[in-house]
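Per-chain residue numbering starts at 1, and chain names A, B and C are given in the order in which the chains are listed.
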Amino acid sequence: MSALAEEFDPASIVTHDPVVRVEGICKHYGSVEALRSIDLQFERGKLTTLLGPSGCGKTTLLKIIAGLVPATSGRIMVNGRAVTGPGPERAFVFQDFALMPWATVLRNVAFGLELKGTPAAERNRVARHHIEQVGLQGFEDKYPHELSGGMRQRVGIARAFAVNADVLLLDEPFSAVDEQNRRKFQEDLLRLVEIENKTFIFVTHSIEEAVYVSDRIVLLSPRPGRVSQVIEPKIDRAADPDDIRRDAGYLDVVEEIWQGLRHYAE
Amino acid sequence: MTLFGFRIPMMASLIVWALVWEIVGHMDVIFLIPPMSAILSAGIDLVQTASWQNATVVTIRSFVIGMALAIGIGVPLGVLMGRSRIADNIFGLWVNMFVSAPLSALVPVLMILFGMGETTIVVTVFLFAVWIIVLDARAGVMQVPPSLIEMARSYGAPPSTILRKIVLLAALPEILAGIRIGLIRGVKGVVIGQILVAIIGYGELFELYSRSFDMERFWALTIVLFAAAMLLSGIVERAEKRIEYYAGAR
Amino acid sequence: MSVMSQEKAVTGARAGPREGLRLFAQNRKSFWVVLSLVGLFTAWEIAGRVPISFAFPTFLETLAAFFEMLGDGTMFRAFFLTLQPLVLGVGISALVGIALGIAMGLSDRVEWLLAPVFIVLQAAPMAALVPLVTFVYGIGLTAKTLAVVMLALPVIVLNSYKAVRHVNPSLVDMCRSFQGTRMQQIFKIIIPDASPVLFAGLRLGVAAGFIGVMLAELLITPTGIGDLITYHRSVANYAHMYAAVAAIIAVSTLTLAGLQYVEVNVLRPEKRRK
């Protein structure tokens, strides 16, 4: 198994099918500079992780791509069109799940379609399919408070898949999930990346998680947030998950990223 | 709200409402609403009269005594209920009941028990204020993190020290919040008590002005009362802000 | 939760009498309710027999007076009169108050214009204004209803406003991320998420309404329970007077407890299982 990490100069990355282009994004909150001229491209079928210490603006960047937060300058292009707000080609998975406590799992998963005005029968059929996909069949009529943290985030992921968006934006989706479930989630996520030909943009602060799930890792440095390094961990996904986590190449990439980030730690 | 890029402070809208009042007052729609300017000038006259000054002294005295009793009894009772499950079970029912009971119905009972004088007002203030103080002190004590108490015990602190140095201080934000709401309720209590008794303090003045249709003075007295209530809650809110730094760190 | 209480029960079996007492205090809720009721009524009975005041009837006399008034229908008639303005006033306050509160929560301009007024009205002793009502509306049902509205409206408005302002921002973002319109955001996210707090505000409004209606009946127009209190006081029939006071307090307490039960069990499914 060869797990070589190759470094790139961010400006020189050429991708074949960039679904999402981030062009010169800057973000200021009052006098605080949160992001400074970010240029990135994301291609179809790949999972890119935005990784960095807290305060590097990774969630802000993700929300700008989602159209939830306006950028101060620069633009986001999705499928060749400039982003002005949230759009049907992007779906967001929230750190705190953002499930409606008064709605069943089924209604939560179907909510994106409900807002679009899809008829109830149709949207429930689609929702049931995706509930099954994330392994929650039998829980359709339960309420979020009856589920564990891990199951709740499965609902959040099913909801994002149910609207059939091209781009999935995941904001630290597993940070509120316990360690055992987190590993299972990471494996499930890899499977989803493989079968669904979508663009995944993933935010995390866990180095191990980033190296394990990513095709590409964008390291952001804090205050102001800038792209400091882009790493492509070449990991053989076909291998057994437990072997990957013990592989020397995997561990080398983790170590390399840690060395890059350690001077930001207190 | 921002207008033309300027932030206009929220309370500024009260000035707008005062102007609306002034205009309505000049239109002579109803005798109940004299112009705001007339009310203000009546207010300036009012505060110079001996009857207002005497009424104020009486009102403040009943309020202060009633509140002192409410705090002096309410906080210890709340702390006791927070620390002892048995005390909580015995008093919990009554405290929860009286905190939202229509205490105005109880004032006539107080009048026959304590007479038509200041004592009744003091008891009314006490009864209006004490329950929320008890409940908040109890909630504050129950929210003290167990790890903090275990920490003190692990360093060998005796129960009395834990109570004084950990529990009371950790519960202080909630205790103060309870006292603030208690003060607001106490003001309502002093007014309701005096209006129902009708022969002392502001109650007597309200009765007098409304009988003689002296609306300028009636509203002037109301504004004085409202302003005092706001001022009081503002002061305690400031005190609360000063200790917020450690309430936020929990 | 059940595992935890089991563990506690196991340690309790081994612990000393002190621990046992603590566990008893924790688990036998109804026993303590009965004990505290019996305790207070006994104290009342003894105080009445001493007597601490000529105007202090014993608990049993009061109870007898209560059943007498219940039996001859006085109590029902009085409550019928008292509850009319209360229901009307709280209903009006709920409609107007929730609408205003939501508007204040959604719009900065409405907030700027109205929030200070209601903050002042809630902190201020509105009771002072109740006598004014008679000048305009006399002493009928309208005046009593208005007294209820004056006390209930500010607290309902401010709670509705806070409810909307404290809606989970993540849910609003979620709705936006699925391109929900502003109307969908308000009706599918903001109002459902705010509804437990809206309802809690309503409950506080009912509590304030009880104070208002009693004030109106004692101050403006002697009808209903207020009349029972005033009349029996004037003829020195103290047991009947106490029974009327206790009855209105009991009815208000039961109403509020019922509303709280609805709030916890119907509106907050996430807290239903304890």
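The working rule: a contact is a pair of C-beta atoms (placed from the backbone, for glycine too) under 8 Å apart; a residue touches a chain by one contact, two chains touch by 3 or more.
Worth saying up front: this structure is predicted, and the values here are computed from it rather than measured.
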Open item on the list: Let me check something: if the centre of a chain is the mean of its CA atoms, which chain is farthest from chain C?
Closed with: A
Task: Pair of chains joined by more contacts [C-beta pairs], B-C or A-C - done: B-C
Task: Whole-Å separation of chain centres (CA-atom averages), chain A against chain B - done: 51
Open item on the list: Could you work out how far the Cα centre of chain A sits from that of chain C, in whole Å?
Closed with: 47
- [ ] Go ahead and note the Å separation of the Cα centroids belonging to chain B and chain C.
- [x] 18
Open item on the list: With touch defined as at the start, can you tell me which chain A residues reach chain C in the complex?
Closed with: 63, 66-68, 85-88, 90-92, 94-96, 98, 100-102, 111-112, 114-116, 143-146, 163
Open item on the list: Quick check on the complex: what are the chain B residues that touch chain C?
Closed with: 1-2, 8, 10-14, 16-17, 30-32, 85-86, 88-94, 97, 100-109, 112-113, 184, 187-188, 190-192, 195-196, 202, 206-207, 210, 213, 218, 221-222, 225-226, 229-230, 233
Task: Residues on chain C engaged by chain A in the complex (per definition of touch) - done: 168, 170-171, 173-181, 184, 188-189, 192-193, 195, 268-273
TODO: Flag every residue of chain C that touches chain B in the complex, lowest number first.
DONE: 21-22, 25-26, 29, 32-33, 35-37, 39-40, 53, 55-56, 108-109, 111-117, 120, 123-132, 135-136, 204, 207, 210-211, 213-215, 218-219, 225-226, 229-230, 233, 238, 241-242, 245, 248-249, 252-253, 256
